[in-house]
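Common to both upcoming complexes is chain A, partnered first by chain B, then by chain C.
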Partner chain A sequence: MTSLPPPTARKLGLVIDLDTCVGCQACVTSCKEWNTQGYSAPLTDEHTQGAEATGVWLNRVHGYEVREAGQDQSRIVHFPRSCLHCEEPACVTVCPTGASYKRAEDGIVLVNPETCIGCKLCSWACPYGAREYDQSHGVMKKCTLCVDRIYNDNLGEDDRLPACVKACPTSARHFGDLGDSSSKVSQLVAERGGYDLLPEMGYKPVNKYLPPRARRDATTSRAEALPKPDGSAFDRLFQWADKVLSPGKGSARANEVDHSGKLEG
Partner chain B sequence: MTQPAVNTSPKTWDEVKTTTCYMCACRCGIRVHLKDGRVTYIDGNPEHPVNKGVICGKGAAGIMQHYSPGRLSKPLLRVGERGAGEFKEIEWGEALGLATQWLSEVRAKDPKKLAFFTGRDQSQGLTGWWATQFGTPNYAAHGGFCSVNMAAAGLYTFGGAFWEFGEPDWKHTKYFLLFGVAEDHGSNPIKKGLGQLKARGAKIVSINPIRTGYSAIADEWIGIRPGADGLFVGALIHELLTAQKIDGDYVLRYTNSPWLIIENPGHADDGLFARAPQGSALVWDSHSNSPMPALSPDAAPKLMGRFKLPDGRRAVTAFTLIAERFLDPEWAPEKVAERCGVPAETIKRIAAELARTAFEEEIALDVPWTDHLGRYHERMVGRPVSMHAMRGISAHANGFQTCRTIHLLQILLGTIDVPGGFRYKAPFPKPAPPGVKPAGKPGQVKPNTPLPGPPLGFVAAPEDLLVDAEGTPQRIDKAYSWDAPLAAHGMMHMVITNAAKKDPYGIDVLFMYMANMSWNSAMNVPDTIRYLTQKEPDGSYTIPKIIYSDAYASEMVHYADLILPDTTYLERWDCISLLDRPISEADGPADSIRQPVVEPDRDVRPFQTVLLDLGARLGLPGMTRTDGSPRYPGGYPDYIVNHERAPGIGPLAGFRGPNGRSQGRGAPNPEQLLRYIANGCHWFYELPEHMKYYRHVNWAYLDWATFFGFIGKPEPVIHQLYCEPLQKFRLSAQGHGKVVAPEQHRQRIASHFDPIPFWYPPFEGEMVPEAEFPLHAVTQRPMAMYHSWGSQNAWLRQILGRNWLYMARGMAAKLKIADGDWVTVTSHHGVIKAQAKLMDGVNPDTVWTWNAIGKRSGTWGLDPGADEAKKGFLLNHLISELLPEREGGYRYSNSDPVTGQAAWYDLRVRVEKAAGQSDMSEPQFATLKPLARAE
Partner chain C sequence: MHPAYSVILFTTASGAGYGLLALLCLVGLSHGEASTLAFGLTAMVIALGLITIGLLSSTFHLGHPERAWRALSQWRSSWLSREGVLAVVTYVPAVLFGVVWSGLYPALDLIKPLAVITGVLALLTVMSTGKIYATLATIRAWHNGWTVWVYLAFALATGATILAAITSVFGNFPAFLVWFSNAWLVAALAVILAYWRSIDAAPRDLTIEQATGLGRMGQVSQWEVPHTAANYVQKEMGYAVARKHAAKLRRLVIVALVLAVLMMLAGLAVPFAALLSAALAIFAAVVQRWLFFAEAQHVSTLFYGAKAA
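After this line comes the complex of A and B, so read on.
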């Protein structure tokens, strides 16, 4: 079994905004293409052209239709799922070889492919389904938080982000230090009521999810309607147009026909 | 415990090259990372104006597109029967020789017997010009079955359009109405925009029968009945007019609302603008109480009223007619609610919210500007309400008028090209409609002679139609005929049917590019396949020769005679030109290039270079020098740099002139492509602040746009709420004018060419019995796919490898259908079998599926047993390209009667639990013999 480092001060992780994610899969394929040549390389695909095409993905987005109590409308929530880099990850403590470990300097949970024996205990221990077994290489793979991007001297400073965060077109994904209460991500969590997945399990996930905002539709908006004028709406509009917009000298109307088509005067 | 050492700074690439994505129509800037010559990673280019560093699910899967096993690898010549998959590989010399022989025979005999149609072509500036030089009017890309309702409705109304010609002012808008499925164009810009709205707390309202995609994150979802959007919007207009909540200043100054329209029923001038002798439209000046030219700085026009003109005729302002129409109780929310499937209270509330946002939350930028009449404005006033619409509105037979209704709503709220509203993207605004007319009238198509103008343009009156004296269409697709007078993008969906039926005539060569017309791009796939293989009594094919260019082994490849294999998007030069489909930003014009980032490892050639080569071999004037040698021996990049459409104006606007310092206009610069590459393969010119809004009437902007060649003259683009060209068609249907509508078309023209937007039911719904076909059936665009390209991609197909028929839980219960049941879906035209999935977020009378997931077995390099073929399906088989017979037996195309836009979403069906529950979709077409994979 593998022991955890002392609680880390830096807690790098993701904040994922479920109110903004449209489910476009940008984070999913961006993760795949970076990591299939990165630390976890390769993320093997099998039967790519066949009926049973499968592959290793470190990040997947699922769409769920949910109906809240008392609501007549459902809503679709797109739910990105990847390793939450728990503070007390069972996947690490369960590892018989020390291959799964939590980094002391930033809290990232990694698998050392050199020592992983592919026993899959970690994937059984993880309640979030965040680990994927690479059949062809016999090792476990998981989100590295792009440890090979975020410190990468070969990348420009703006690019030192997890590939998923950099890709996200709606800016639904945020990366930062959740151990620092003044960081942008921590503030976002505070403002928006960011929450833990399955807190009752006690693994203290670092990644947070921001819940969908309250809807603003018939169920929440006060019923209002524009005022209805007395009498003919057309007459009122005509008067409005005449007075508000055409400050002409009202009396000289020899050639004007009224709007009903009859000549005036 | 010691931690393993991790290399946190690996360099997994040895080179990074910028280029432009082609995983959809969005055309983002990308950085392609290469290692040992292989593509390893693609991300968004942070400097690029379109995507500013982000990338989408498709774009990041570009590697798998580039290395797809479905790629073609060598020119192919059919040696068996069409569809039998018997091809032999030939050399390019032979392929080009054959193509030249076939094409030169057509050109010498009758150029219109060549039908040249391109699909998701991003080089229409070249392909359209090539058709012009060849001399055939039978050219279009796929816009006729995609976007033409949006383009035409916008261009005829305000000289811009939804689609790709503008975008909401994401930075300032506070209330955003999104109509219908829109996930397929402007992909990343819209997603970025939605993210901005979310961050600012702006309200997003989605009007869509289905709550997926962007609708999923909307603050409010309105699950409207398909095809009823025009009614919904009309009711909003009714509410706003009733409460006088419109932007009177905007409407009076910048639209033709105050223009005078002659009321003289039964006569040739009825419904036309009253005009001064020199031609300008008239308004009624309230100071002088007399008519004055519309654009007189001194006039104080009346917005409403009826007047007697000095010549005794009666005239009414356009706005009066608009008010009369939409104040009619027929447009009241209570009246339209049931048909829309939207409660009247919701319609009223949305109208009130629109009014409140537009008028009580007005914004103003402290940017002075001067309008077209020289009036100085201290500030740029904005109404922070914006709208966007795309396929959901476009793909109905009432889409043109519905889209015009949306534009009317925008304009009444004063929210076109104002802060917070909908903004133009260069080169728009253009005159409404643009001045260019389609060529191809009788007498304009001559052997071995170019057309006198481009094949596509904007018809402004019946005399612009491409018909003969009897009214017979001149184009194979019947675009610009009485069937579809304003068919500004052609009607590619009708080409194969019409050619097989020789209606209006047979053709000799069908030449197509990246358009999967035997499958997901065709209505009525089974008959389309029959038409492609149909033979004459002498054993020859009715469509004698088919040349096709594609990079992949698509379904269409199997029905072609000669295949010219194209490169992937990472192996080619391209230009994303302002002369074509621009990628400009609202803040200024932009264009870009593709550069080859890898060399092809197959015997393939970029189609555009092949086309120029063919043009030179055919001796087309624009493509040859006087000595007969090729004008662009360097192929497409040579053309991109050196071609001039007008003096100083070429495909790329950036880095022109001797030193590359000219923008917009300037002599060809031999270093231009290098300059683009040095600049990340794009060029963007940010307009100064005083030119960023009100561009349709912004003096400084109009002047500048004239220099840039975007418009011919610095004249304002007055919004045409009343569309006079439509009235000219109506008059012709009443027997007036130089060109009179033939008897059999008159009723259809008279009723649909209303110069004021209106609503009519989609045709298919009207023509088939509702009791028999009670449900609507439509598709949605999966965000991670771009039609059939995406569904072949080894990564993307793991995300969405098959489709289901989604339906409302309540409706399914009524029909005794359970989740996962196989069901039959029956239209007036055909039957398919599909697997059902139940959900709540769908209009109860609507079923839907993802677009273009279904594939034919044996294609695209997929295993014949792939899910896409065995469980996936298309709705296309249910959609007839022709409407049911009308009186007299004539069958119009299943299209919008104004623009010819394919009415995909008018489909009506019934759904029943299938008798056989076997785990396979139907119909299953014979497996096509897989073409050799490129190794």
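After this line comes the complex of A and C, so read on.
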């Protein structure tokens, strides 16, 4: 049935922290690794040895440059994107076959690869570009929230997480029930001001994004922010050592960072 | 949006077929039985033939054409499914109408009820094709009040010129048909101009800043794409080949429709000019349909660096 179930109490989804994501692509490759042999198998790649290598990926990490007012340096935000398991997924209601569906028990949006006819209309209906068509398999592929991991009794309990969450080395990805306001993910969203992508489209995405925190490099990594020599005996000792060890030219003060980019000596 | 050629062929061919079918029903309502069996059968075979070619070609772009029957199941929520159901259902009264209207099986009192049922179903099928596109909120150029009317107007304009062409071949070409066809051609021209005016005026009010939610920090641009070669989303949604030629192609549609009107008028004096008029109308419909896809920008392109959608 492509008609939507009544609003689900459980809303399983991801919370993605744009502050801590470093764009390492570990979630991307672990997603591919698990899902190319899991529920959505295969996730075909084409022309893998050529210049135009392309393929089906359910999770992609974009990089955006953000120019903040009053800052001379722009900022890079690594931005992972996958299906948001919307509460009002038009990708499901447009499906003519019933292959696309939203699960009543936990809100996960899935495609049944046995009944999908590959008409691609669901991908047109998705504002997030989250669905990818598998040319060689002839059906639509999408994030399953690793439905074959999270309920998998054959895995240890701490492995019952989506592959992307499990792989993230900076814990930028969190998985849980966003329908339960007391869950860890819901609290995280409340604390950090988690937001929806394109709320104006009315799809009510379940996945949330935590905004990058205010930039800290102004106070942590710039030369003027570093501790100044305080005139103690140790500082004077290091200044003396610096003077003795520096050939020729006048000495640099200890702790002064050389921004010239030239190598000393 | 990438224009799948099978979808362009499908919507123009079956659109013309349903338009012709609906107009034959109108002829049945006003004139009763077809003037000759040969004319009636030829017109019905062409109408149902165009519809069938269109429907078959629509399965060519499917990943699994053998599963196409499944598309009839979700009519409660999906306009694509409704279109499929209406298309299949329409065949039943259409064939019955063709049999009695052409005089193959004379049953004069059945012509009118069958004409009403067939005509309404034919137009509903075209309307549901338009609805598939009009209900997609992700594509501003399609999510527009004029979309359904564009599909209906081009179906009826191409259908009317084909009807005039067939009639002219059978040697019975009343002047009334010239005015009738031209009325539909002018209606199609008016509707397409209104549609273009409407999509040009609609604000592109979604931005990359909104899509990423990073507008709270500042101005956003794409720094790194998440792949080494263009992916499915970019190829399917990011197609922009005709966008830069849009103005020229729009003029081509207008010129073809105006020439179709003039050719139809020439049909009053020159035999078979109506055939050329029908060819021009179909050409206009194909170019318009290609533009309909190529000019449409999808919201998801924002994530791939588009500034606004």
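Here is the rule we use: the second predicted complex is superposed on the first by the 214 of 265 C-alpha atoms of A that agree within 3 Å, B and C clash if a C-alpha of one lies under 4 Å from a C-alpha of the other, contacts with A are read in each partner's own complex, and residues count from 1 in each chain.
The rule is simple: a contact is a pair of C-beta atoms (placed from the backbone, for glycine too) under 8 Å apart; a residue touches a chain by one contact, two chains touch by 3 or more.
What you are looking at is a predicted structure, and each value in this text was computed from that prediction instead of being measured.
*Asks:* Applying the touch criterion given at the start, work out whether A:Arg81 contacts chain B, chain C, both or neither, answering first, second, both or neither.
*Replies:* The answer is second: A:Arg81 touches chain C but not chain B.
*Asks:* Looking at the overlay, does A:Cys21 come into contact with chain B only (first), chain C only (second), both, or neither?
*Replies:* After superposition on chain A, A:Cys21 lies in contact with chain B alone.
*Asks:* On the A-aligned overlay, A:Lys243 touches which partner chain: chain B = first, chain C = second, or both, or neither?
*Replies:* The answer is neither, since A:Lys243 touches no partner chain.
*Asks:* Output check: A:Tyr195 vs chain B and chain C. Expected answer is one of first, second, both, neither. What do you get?
*Replies:* After superposition on chain A, A:Tyr195 lies in contact with chain C alone.
*Asks:* Tell me which touches more residues of chain A here: chain C or chain B.
*Replies:* B
*Asks:* For A:His137, select first, second, both or neither according to whether it touches chain B, chain C, the two together, or no partner.
*Replies:* second
*Asks:* Regarding the shared-chain residue A:Ala53, is it in contact with chain B (first), chain C (second), both, or neither?
*Replies:* both
*Asks:* Now for A:Glu65: first (chain B), second (chain C), both, or neither, which partner does it touch?
*Replies:* In the superposed model, A:Glu65 contacts both chain B and chain C.
*Asks:* Quick one: classify A:Lys184 as touching chain B (first), chain C (second), both or neither.
*Replies:* Neither partner.
*Asks:* Name the residues of chain A shared by its contacts with chain B and its contacts with chain C.
*Replies:* 2-3, 23, 28, 47, 51, 53-55, 57, 63, 65, 67, 74-77, 98, 115, 212
*Asks:* State the interface residues of chain A toward chain C in the complex, per the touch definition above.
*Replies:* Contact set of chain A toward chain C: 1-4, 18, 23, 28, 47, 51-57, 60-69, 71, 74-77, 79, 81, 90, 92-99, 115-121, 123-129, 132-135, 137-139, 195-198, 200-202, 209, 211-212.
*Asks:* Chain B touches which residues of chain A in the complex?
*Replies:* 2-3, 5, 17, 19-26, 28-30, 32-34, 37-39, 45, 47-51, 53-55, 57, 63, 65, 67, 73-78, 98, 101, 103-104, 110, 112, 114-115, 147-148, 150-154, 158-159, 163, 166-172, 212-213, 215-218, 221, 223-229, 233-234, 236-238, 240-242, 244-249, 252-259, 261, 263
*Asks:* Under the touch definition given earlier, write down the residues of chain C that touch chain A in their complex.
*Replies:* 1, 61-65, 67-68, 70-74, 76-81, 84, 132, 135-139, 206, 208, 210-214, 216-233, 236-237, 298-301, 303-304
*Asks:* List the residues on chain B that touch chain A in their complex, please.
*Replies:* Result: residues 1, 3-4, 6-12, 35, 40-44, 46, 51, 53-61, 63-64, 69, 187-188, 191-192, 194-195, 198-199, 203, 211-217, 219-221, 239-245, 248-249, 252, 284-287, 289-290, 300-308, 314, 319-320, 323-324, 327, 343, 345-346, 348-349, 351-353, 355, 783-784, 794-799, 801, 839-841, 861-863, 865-867, 870 of chain B touch chain A.
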